[in-house]
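This report concerns only the one structure given below.
Chains: A, B, C and D, in written order; residue numbering restarts at 1 for each.
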């Protein structure tokens, strides 16, 4: 595809058609990329979890079950669109839209290749953090709109979780920004001669836990906890709107994996393969880790979720910030490999001490 | 270790209906939960959605005809129900079971205990949120036991295998070698499963100290089985009131002290090991000879009454039979373990959150067929 | 081996405390006057030599001209069990004093007997049907219940 | 309650799950890959042998569901009732096998195949000739050891006998 190879080097000055053509090309690329990656994510999750549970996973539709996500999408689209009459119609209808759009916005700032991103905002990361918390509004509208007690509980849990996990997530990002000196995602990827996962191990761990808590995956999937709240906030959704929420769940997972690859795994930089392929491989690997934790770990209770955020991640994030600040200020030009050793030691100590002292909340309330 | 804390802000409780159709109510069990935010204030269970009137049906069937009915009581461990019913009828009609029949009964009872505990622990972890993985690993072992039951009596779940005076058919010759091959496999599996879940922090956080059932409340409610043993009541009918040939095997009864969900999970895993130990001993000593006493198809026990009970996988399962010397039992009351084990649910759950309510309910391990009869 | 107390033993143990309570001694069960049932059970549960703290089951049988309610208790300490019976003669609204105060396990089992057999238990905290729905007329386990 | 094991418990769990990917799944692909069911399998149909049957109706008495209906006429042909109709409503049959067990003349077998679902409830009711044994309606070895010997050996998950997908 010459378009992609054309964008191999930094975007040239005489990029044909100026801004509008560039905007159109990348919007199409982003939408296609998100939809295809979501299909791939659904397939990886169902096959991966299947093989982890001693079963095959879908292998009937298409070769090796590759058309299973397509079959799911078709089935869900053909389903009747039931709206409960106690529901608040407008809020119920609008919720999936508001939940889905921020996820697409995140991809505007993620570099697929050197300079190949919709807009290289110099406040890229700030834009990501700001936008990613809008989808909580959509989820809460869904919870409130469907007039069902279970979904209201699910939505309340989601709001509580996102509020308390925003802070460790942002602190982890600031740790990274201190080392790069700039907020723009392109600059972050350029600054990563040593992937930040080695330089900032504690930051990576905090970011990964906070991200999977916000998009309600792996041990923190309380928002649509199947065993307690039947299907959490999207209990009353069916048909097209349910497809949107299904899409949101996986698109957010892909978005978070993409952000993690950009910030911690040095984005598209890699030795032999073409850069955009590196980016996709790393995103899939991070997504697979999310599938892996989802298959293994039981769910955490809501008050333990809160306690984990405030009593464990937040102090650890502050320590990480403090240590990386000292390193950058006092030894600005020293090679970063020394920081790798120091930071890994700090991470091990923080986790060791943290897990020892961490008491996740009171269990029983005197009633 | 868990500190209790007063609720400060004033909130208004609301009633949530965890209805018969709910992903983790193990069948058609319904409860109206009064909630204050996430904290459970009170639950009011409602039964009867699976009430088929089995005790009434039993009054119209011959003593042998009732055996397929007992399959449908606790459909997760049908062999246990057959055994309890047949032990009661043999006590009523004073029938002696030959040696080989007794040994086959002990082997199948221990096999169904393992299968039931696989299901119980699996579904409790499924409720705790581990999406299917522990459940599928345990179900894989239960599938192996299904194969053995199918080889024995033709059906995987509703066995209808034990008869009054012994068992319906003899062991096929490839049954014992397959069982001998299965025992070490299960040992290896249990060790791997312990490695997988025993120290899992999230499971400890979700299950330890949750839903504590104090010993005196358990005794007062008539709780039996792993639920009681987890609270420290050292009572197991195989030792206290040995039926069949259980007094010839040496095995010990695992108990725990603080009676929370984690201890119930531990007691069930230990009990699976003990059952394996019993099967090991039983396989070596299965005698030859008849597997069933000379009992006609339709028996007329002398007028009178008898109560026979066994240590089923879920606890004490008993049948109180009254006969008036006719071909059908005059009255048959089923002492159902799950129904009585549920009486303590209200005390166990008060003050905990919804997520704990589901884990506690899963740790009790009930089957609705046995609750509603 | 859980030895079931024979009728003679039960009678001898109870006659000291409750001279007129025991009506008739069956094979290994004792017929107790329904009025003094709670007192007898309380005594059996708390008396030091007896300590019957675990209730096995409560059930009722319809013998056409009278109902018989059967209780079986076991002592986990001494590994002994005892079976008590009471009778109520009337067929419409037979009542028996409730043991829910003494054994919490008896609570639902008595509701089940009320639901299926129609015997009300005086003093039961929440005497309602447990299996069938409220509007169900009649009690199915009675022998004369028409299909 | 606290995380006593520094998160190692979770890592152990993760290790076990990832290792399971390399094990062969124990599920079999049903329509293509058929496992042999037990030789004593209680399939969902009844097979009746008209020659051996003497019309004694022990099976009808033994059936807890009252599913077998037998009408005999009294003109004794060589010391046996002449069986007019032998009707079985397999829709209500719970496949408990008590009839096969009760029959003193081995005239009754349970079916071996389990794929006998029907579209109409009426098709469940089978009378005399439909009950005969035939290649489509093989008899199972339940209570008939001689038939059991001829049937194929059961595939057991214990022996991991689930062969590769074709």
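Keep this in mind: a contact is a pair of C-beta atoms (placed from the backbone, for glycine too) under 8 Å apart; a residue touches a chain by one contact, two chains touch by 3 or more.
This is a predicted model, so every value here is computed, not measured.
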Most central chain, judged by mean C-alpha position against the global CA mean: B
Furthest chain, CA centroid comparison against chain B: A
Between B-C and B-D, the pair joined by more C-beta contacts: B-D
Mean-CA-position distance for chain C and chain B (Å): 26
Separation of mean Cα positions, chain D and chain C [Å, integer]: 44
Computed distance of Cα centres, chain D from chain A, in Å: 51
Residue numbers of chain A (touch at least two other chains): 52-55, 295-297, 355, 360, 363
Residues of chain C whose C-beta touches two or more other chains: none
Residue numbers of chain B (touch at least two other chains): 2, 133, 137, 140, 200-203, 205, 209
Interchain pairs in contact, sorted by label: A-B, A-D, B-C, B-D
Of chain A, residues touching chain D in the complex: 48, 50-56, 59, 292-293, 295-297, 351-352, 355-360, 363
Touch list for chain C against partner chain B, complex: 1-2, 27, 53-57, 59, 61-62, 70, 72, 76, 79, 83, 103-109, 112, 116, 129-133, 140-141
Chain D to chain B touching residues, read off their complex: 1, 3-5, 7-10, 12-13, 16-17, 20, 26, 37-42, 58, 61-64, 94-98, 101-102, 110, 140, 142-143, 148, 153-154, 156-159
Chain B residues within the chain A interface of the complex: 2-7, 14, 16, 22-24, 36, 38-41, 125-133, 136-137, 140, 200-203, 205-206, 209-210, 350-356, 358
Contact footprint of chain B on chain A as seen in their complex: 49, 52-55, 149-150, 153, 219, 221-222, 225-230, 294-304, 355, 360, 362-367
